[in-house]
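The structure under discussion appears below in the form of structure tokens.
Which chain is which? They are A, B, C and D, in the order written, and residues in each are numbered from 1.
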Amino acid sequence: MTPAADAAATAKPKKIGLTRAQMAWRAAQDIPDGSYVNLGIGMPELAALYVPDGRQVTYHTENGVLGFGEGPPKGEEDWDLVNAGKKAIGLLPGASIFHHADSFAMIRGGHIDLAILGAFQIAPNGDLANWRAGNEGIPAVGGAMDLVSGARQVWCITDHTTRAGEAKLMDACTYPLTGIGCVTRVYTDLAVIHVVEGRFHLKAIAEGITVEELQAKTASPLVVEGEIEVMAPPAL
Amino acid sequence: MTTPSAKATGVLKPVLSAQDALADIPDGATVLIGGFGGAGNPVELIHALIDQGARDLTIVNNNAGNGDVGLAALIRERRVAKIICSFPRAASAHAFTEEYQAGRIELETVPQGTLAERIRAGGAGVPAFYTRTSVGTPLAEGKEIRAFDGRDYVMEHAITGDYALVKCLRADRMGNLTYSKSARNFAPIMCMAAKCAVVQTVELVEPGAIDPETVVTPGIFTGRIVHTPDAVQEQVLFEQGARYP
Amino acid sequence: MTPAADAAATAKPKKIGLTRAQMAWRAAQDIPDGSYVNLGIGMPELAALYVPDGRQVTYHTENGVLGFGEGPPKGEEDWDLVNAGKKAIGLLPGASIFHHADSFAMIRGGHIDLAILGAFQIAPNGDLANWRAGNEGIPAVGGAMDLVSGARQVWCITDHTTRAGEAKLMDACTYPLTGIGCVTRVYTDLAVIHVVEGRFHLKAIAEGITVEELQAKTASPLVVEGEIEVMAPPAL
Amino acid sequence: MTTPSAKATGVLKPVLSAQDALADIPDGATVLIGGFGGAGNPVELIHALIDQGARDLTIVNNNAGNGDVGLAALIRERRVAKIICSFPRAASAHAFTEEYQAGRIELETVPQGTLAERIRAGGAGVPAFYTRTSVGTPLAEGKEIRAFDGRDYVMEHAITGDYALVKCLRADRMGNLTYSKSARNFAPIMCMAAKCAVVQTVELVEPGAIDPETVVTPGIFTGRIVHTPDAVQEQVLFEQGARYP
């Protein structure tokens, strides 16, 4: 036994699956060159950090800015310049500012190539539930319904299951829907899944988990055809 | 005899104190309030509205206020009977949360883009339009669904206001406005959709000082101007833990 | 007989009624202070010349300008700056420029206080026909239908009758309509008429014509109540 | 391994010759063309479209051309199967008049504001909306009439285009545009409503050279850029009695 193998044997079992940053990284690798992208709050917005250098991407935020980047350091924020998550941002060369109706004309009119959002539940028909977990609490939707019905493609970044281990990919959503037939891809800590013609197509899988184990965490059949990528994200 | 001339000057807008600008807002009025996050909230006007005392207001804003200033304070003071917004939930929206859970405030949740388009429609004389947004969701329940080119859309109605309260960066005396970055957000369409748009401005300049090509809100949409050169950002007040009144 | 009376007796009879400029002048006297006004091509646009000094009026043109005034002299026109009649104009201090959809949002949304237009036919219910005389020729409407249905008030400046002497104010329009129930006032060479609750109310009359003679040129009953102004325009 | 970075640059637009920019326009395409009177007509692009040879086009423009250049020349060359416009009649619109009277061109007359709003709706993803304009007139015949708050409105459908041809004053490489005075007219909404907006610009600048607050058409609506520093005003060509080709 080598020292490394010895260390691995005595350490607690290696966690299977991607970290949050790695999930964002994996989605970022697929963002097409030349696209206008809207990133939701949380893991989706992390994706901007990992888009390959030189790829042309312009970011849109619902509250009326196209072409923004990272904000100034803490304490130097300009609170007149925020994104949809109310975080301070900065303007990149070629930015533009417009009012809310024009901003959502971009979304509703199909001009945003890609929206990446979080998810509570996703069904193989593309239905998405991500705005409320049931009917309790204050119903707050923001721009999610506009994004999922307007953007040309909708991808979700989400843990594959809930913290309690329940499947998020399921035959039919049980939570109130955000949109119907809208999700085209799902990036989870365990897999990349394309949503095509009413079915979940497995495209990539995390190291250390089998297709059968993945299927057990997925409450809807996975189509497994062709070569399945084993994801190899950098340490993040 | 009148000499033929084209000397009639353009329409100038009244420049008033916040108090005078809001004096005639009656109980029950619908008030559109600009702002998104900390950007563009007309804090000074909202505080003047609290002082003014109007009750049973219907408020249209993207959110439902934060902390204990601005819209949150107006809600806490129980002046708001109903709020129409897209995202009323926030850790710091305790004023709204309390009133809502106590059943003292009515909430109409509207998708953000539908909210923006309904306000723009109100300003543009379009009584109703169709959108894909919310089709198949609970927010489309009870609304007319109609297919165009084989896809379903939901019919949405215009929103208009009796007043709009917005904040801009620069106003000329004819009511032409420019804004500061993302503080623009809902303000231009709210000015369009209100019978009387009350605008607080950091800078007040003479007609001609704003390049006609760069005017964002043409003066025709502006009702009254309040000069607030020392306006405070809501986010700054919030971080200071300020409370009004 | 004085020399003047002698001249009058031998000259051809003095023409009854206002000149085109005088009609525009008469309408201009009534343009409210503080109003946004859209003036149609022809006699309506002449009205801008005669608005009393010091009255605050801002002019709108459909093609996206608010706050314009007279254009530069012939030969110095900037053809990027024209009005709806394609005439070169100039910008006054406080002007603004916007695109066509925003321009018609102003009109359709009821933000234009007053539109003054020409007319072929007007009915006492406020119906207006001013875009085509019958169904022959090329149908061209421009912004007329938007203006008459969107502006808060619609006034017409028109000769009282056609060149052939036919009435333009009539019980019901026979030409294709531009809008229904929209006209609130009519300024003619012979009279000022307010359109109120489905009836033509005579408010002012030209010098040298009786109410009976005016009624004979009007194919719908005139309501004659209160004091009737005898118009006294300047020589124009 | 990819280093975490936010260095991805924004989307740059192709800068092409007029010929290359229009090369893929097929027969039967719908082309939205900016301009009102002499202001904003993309004459150089229209002439390149004549050279390109596409036929059976549906053209959307406020007018139907003047003289023997630009849109009038395109019509005279019998490339236009249908035109959607508000005001096709003019003393100088002899090309259209001849084709129309000969029954070789279809005309859809649309009120100017309805035309603008239909194009804006096309760009904004609104399939249909209601307007008061044209109610009770021949232009509302065959259209759905519906009452809101006791007043009748007519339903109008969105207009979209396969291409838009517009003229601007200044473009940056990311497709952000500003215009020259009333030459703005239909261009911003046509860029929104077309699958591919081809923009001819007098000035071409680097990203960052246009103040983000003053951008009229954000780059997202721009497809291709054609740099025409020596563009000629249509009105000037018309007054010179020019003829193309």
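As a working rule, contacts are C-beta pairs under 8 Å (C-beta built on N, C-alpha and C of every residue); 3 or more make two chains touch, one makes a residue touch a chain.
Predicted model only: the values in this text are computed from it and were never measured.
**Student:** Could you tell me which chains are in contact with chain A and with chain D alike?
**Tutor:** The shared contacts of chain A and chain D, listed by label, come to B.
**Student:** So which one's got more C-beta contacts, B-C or A-B?
**Tutor:** By the number of C-beta pairs in contact, the winner is A-B.
**Student:** Find the geometric centre of each of chain B and chain C from their Cα atoms only, then give the gap between the two centres in Å, rounded to an integer.
**Tutor:** Distance between chain centres: 37 Å.
**Student:** What whole-Å value do you get for the distance between chain A and chain B if each is reduced to the mean of its CA atoms?
**Tutor:** Comparing mean C-alpha positions, chain B is 32 Å from chain A.
**Student:** Averaged over CA atoms, how far is the centre of chain A from the centre of chain C? Could you give it in whole Å?
**Tutor:** Computed from C-alpha means, the inter-chain centre distance equals 60 Å.
**Student:** Could you say which residues in chain C touch two or more other chains, in rising order?
**Tutor:** 65, 91, 97-98, 101, 104-105, 107-108, 150
**Student:** Would you please write down the residue numbers of chain D that are in contact with two or more other chains?
**Tutor:** Answer for chain D, listing residues that touch two or more other chains: 117, 120, 124-126, 131-132, 179, 181, 212-213, 216.
**Student:** Which two-chain combinations touch?
**Tutor:** Chain pairs that touch: A-B, A-D, B-C, B-D, C-D.
**Student:** For chain C, which residues are in contact with chain B within the complex?
**Tutor:** The contact residues of chain C facing chain B are 21, 25, 29, 34-36, 48-58, 60, 65-67, 69-70, 91-98, 101-102, 104-112, 150, 234, 236.
**Student:** Spell out the residues on chain C that touch chain D in their complex, using ranges where they run on.
**Tutor:** So the residues of chain C in touch with chain D come to 61-65, 78-83, 86, 91, 97-101, 103-105, 107-108, 127, 137-146, 149-150, 176-180.
**Student:** Can you list the residues on chain B that touch chain A in the complex?
**Tutor:** It is residues 36-40, 62, 86-89, 96-97, 100, 107, 109-114, 116-117, 119-120, 131-139, 179-189, 216, 233-236 of chain B that touch chain A.
**Student:** Under the stated contact criterion, what part of chain B meets chain C in this complex?
**Tutor:** 1-12, 120, 122-126, 172-174, 176, 192, 206-208, 212-213, 215, 218-221
**Student:** If we count contacts the way the header does, which residues on chain D are in touch with chain B in the complex?
**Tutor:** Touch residues, chain D against chain B: 117, 121, 124-132, 148-149, 151, 153, 157, 178-179, 181, 211-214, 216.
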